[in-house]
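As written, the chains take the letters A, B, C and D, and residue 1 is the first residue of each chain.
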């Protein structure tokens, strides 16, 4: 029995793993069960055994989420500089650009779901672990400003290790920058929906990921501020099994619904219907 | 004399001890007599030592590394928020409670008079002795702290009082209880609400500006930063742990992170660096308080001349333009080299 | 047939059993034969029993005491909030969480379609089996429940969706944790915010309207109340305990408190009593749902014809004029005999 | 040694006790120490031993709080009806009217503190345990509406067993009525300060007592929704020593400052200064 390809490299923080193995077989990072890669793919990259939601690419996410051929990308050329001349950062950026074919850790654009036009942003976790630097912040704010101008709802799919360390304080400020744009969207009463996917942590969870009018999350995702390790070190206290997961955040009142990947599209369609319907009764 | 000298301050502390000894001798007749007998001119010695001390001070503090700046920002003798509130403000009336489930001592705030005008003042609060440091959670605010801060901000807005905020925190609390109470969500809400708060906001980074825990109360119209304060996206130890799996390489990480006031100003992320007395704020509390006061006074006057709408629009532009990126799309190619520079 | 008949319902339940027996007999050839042999006309018996049952029903339910009404309002077979949501609304999308520290199952809510229109619907949720009743805390909301409710109300306001609220609670939770999280403050904030919420609010008291726990989500433009629901400032048991140190005298207290729908209407505190099927809502879930739906539909149309400002002004006047008092000051003597009557 | 007059009748709910003894001596209901009544009075009716804050009358409160001769009462003639024909209610009202010389459980009016004009309401706990019926609700709302008209700050001293049972649902609605008036005051940005005194519970704590821009409380007061007894019954859990007191509520973030009776006036004067100062900088 051939077992090629399922020994995957684990990334440093344990969060990322290759999503679709090169070979025939795929080993689930949570339950360890080995499945036909094709079966996992057919199951929307959800483990057929334990329902672990594998990371997926932006293309896969778009296919699962928006109406066929409806996506038109915006600002694809916006990319990071290295303002701090941070060691190795240029190399890492170049390598991620080559690896993902993207210029940044988020893809933004216009799309339709069930025929309803919206603006959408999808994190590319494969690019610098989805972290938020100046380019990510700028792309999100452009999306939000356009939403206000055109009165279009916004959906953001989050997956991020947080603010991008290599851009120092400039990246921290992207938290304020995106949140300020969301304040304006809020005042303009434009719907903003967040879909939290694995993993969503740090400065991203402490800014736009936590500010949705409605927040849904895929099951089993890591969701929290500082990461389980940090928490452990700081406290010595016993942590619940599901600390800093979707389920934990749901129990703590931070998430409206835990939605299986197969139902995300339907849920978003319904939410858009509720949030964008004409306000007939207001005189 | 310092109670808690840093490593690089120790040569100064040793000189200080020596000078003190001579000064003591000069006041004791027996010691004076003994010195004269031995041909030692005490006054001359003191003068020489003081000259030497001044040269040493200049030399040491003109050459602080970024890691030294981190140490300075964390200095235990450095003035804390309540020190500034007590010296710069009058009639401080502390308000307590988040109206939800707690009162977080890591954030203090209330009404006060600043140069005769009613304001709302708040900030992170560290402490010196161990018991109070624990009470203050070392300046790391919990969700209830951010909720209290937001409540005070909304009071400032409701009664049109300027808001003056002191930032001094290693980071937001991130333990189990903080996660259970939505530390991330609470910070995010603060960021959103501060950006549209209809009252002038002046922020002063007085010590440690520790990532989201600092920024959560630092979205202001004017951001001031003390010369030896630091402001960073991640603690240097954490950065070193990620980069090299070695927290002891924090000094290197400090350099890479460009977390000093000088850098923050260069990146256009703060509006003014407030100079500290030679050797740092901790060597002269009254003097640094005076500097902070005069800077606050100047900037408050500037803000008061704006309309509320201009103020809020200006605040949006300020943060909206932070960050550097380039657009490689040939049709719209542009390099954005920041904010206000 | 009822699963949980009340004492005064038992004679009806016994008749029901008897009728069922005859009906069974009529379908079983052997039993039919046996009956014919004995000269018993099964169909006639059934008809007589059903006539008797109808008379008994009319007699019993025309003479319910206030305490009987309390029992009816608490009836375990009575439809609960989610029963109405499932029958009257479409596409219910439940939303969870107070964005502070919990999701309280004692209050449910979310988006839904009401007659093709998007609305926000929410309400207290009781349950029938023990495990779910405990989960739902018997319909007693904690602070997090009120915070969730308020969050959904603000969503309704933000997106201009009418708000439809079902009330069914014995009281607000008042245990240690509820006090620690400011149950009183949370209710007070709900009262204040609902009174100025800029969207139409229709409230339906479907079962128990238990004091502040009910009112905390019941400040609406139109207040509907089911015929056998009750709405009271204090549970009758608590009232009896205070008056006579004897909780078993709750029936007397129920009479004194005038807590029925009829009284609430007489005092001008509710806008309409929704009639229930003979014997109560629990005997015909589809029928009562139809009545509630048609009443909601009518009143929503009325509200939709008002401007938002009129709506909010009208809501203020409505509650501002509740209460009775007199002014014995001779210069301004007046007796205020209530609200809308 | 004469000990006349310090055996006081304890009221049913344990909350009320006569404030100033008829005789020479007074026994503290908390620490049990017997003091000269005159000494207790001179100490602002605070126990010299344990700092227990005795209930005081409206007159005493006014003397302690507002500028001399500045108080002008409003709506003194507003009094309760018995809309439910509740057993014994008329008698109880009449008896309390005779006992207190007041028509209702709150006294409202105009006054000055440090020369600053304000509207003030002070609960009369001796009248139906300070409970809120239609007359109390009406008097408060009139005060709040006047405050909005005249742009004057409002201070309410609370002391109440809650909504007045004998007026049934009509009294419950006073919670909504007063809170609605406070919503308007809030929108008009008029300062509203609450001073919680012993005891403040039930529907009063769950409406206007909890809605102050600033809330201060005298030490040791009973403050909570349902009363300690109820809590005990419901839970069986171990309650903290100070459950449902000022100190408990302060710890839980509900109270801005615990203020000794001797400092209440000064604190209010300072707060008024902060809250009513002209808004010079707003353009």
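Just so we're on the same page, contacts are C-beta pairs under 8 Å (C-beta built on N, C-alpha and C of every residue); 3 or more make two chains touch, one makes a residue touch a chain.
Please read these numbers as outputs of a predicted model, since none were measured by experiment.
*Asks:* Looking at the contacts, which chains touch chain C and chain D alike?
*Replies:* B
*Asks:* Determine which of the two chain pairs, A-B or A-C, is joined by the larger number of C-beta pairs in contact.
*Replies:* A-B
*Asks:* Using C-alpha centres only, name the chain that sits farthest from chain B.
*Replies:* Farthest by centroid: C.
*Asks:* Taking the mean of the CA coordinates per chain, how far is chain A from chain B in Å?
*Replies:* 34
*Asks:* How far is the middle of chain B from the middle of chain D, if each middle is the mean of its Cα atoms, in Å?
*Replies:* 43
*Asks:* Round to the nearest whole Å and give the separation of the Cα centres of chain A and chain D.
*Replies:* Here the centre of chain D sits 52 Å away from the centre of chain A.
*Asks:* Touching two or more other chains, which residues of chain C qualify?
*Replies:* 99-101, 180-182, 185
*Asks:* At which residue positions does chain A touch at least two other chains?
*Replies:* Where chain A meets two or more other chains at a single residue, that happens at 186, 252-254.
*Asks:* If each chain is a dot and touching chains are joined, what shape do you get: line, ring, star, complete or other?
*Replies:* Shape of the chain contacts: other, as it matches none of the listed patterns.
*Asks:* Where do chains touch, given as pairs?
*Replies:* A-B, A-C, B-C, B-D, C-D
*Asks:* Could you pull out which chain C residues touch chain D in their complex?
*Replies:* Going through chain C, the ones touching chain D are 172, 174-176, 178-185, 187-189, 191-193, 195-196, 211-212, 215-216, 218-219, 231-234, 239, 242-243, 256-259, 263-264, 267, 269, 315-316, 319-320, 322-330, 332-333, 335-338.
*Asks:* Which part of chain B faces chain C closely enough to touch in the complex?
*Replies:* Chain B reaches chain C through residues 99-101, 143, 180-182, 185.
*Asks:* In their complex, what parts of chain C are in touch with chain A?
*Replies:* Counting only chain C, the residues touching chain A are 91, 93-103, 111, 117-118, 144, 147-148, 155, 158-162, 200, 303-308, 310.
*Asks:* Of all residues in chain D, which touch chain C in the complex?
*Replies:* Residue positions touching the partner: 12, 75-81, 83-84, 86-87, 103, 133-135, 137-138, 141, 163-165, 167-177, 179-184, 186-187, 202-203, 205-211, 224-226, 230-231, 234-235, 237, 239-240, 243-244, 248, 252-254.
*Asks:* Show which residues of chain D lie in contact with chain B when the two form their complex.
*Replies:* Spelled out, the residues of chain D in touch with chain B are 186, 189, 191, 213-214, 250-257, 267, 270-271, 273-275, 277, 279-283.
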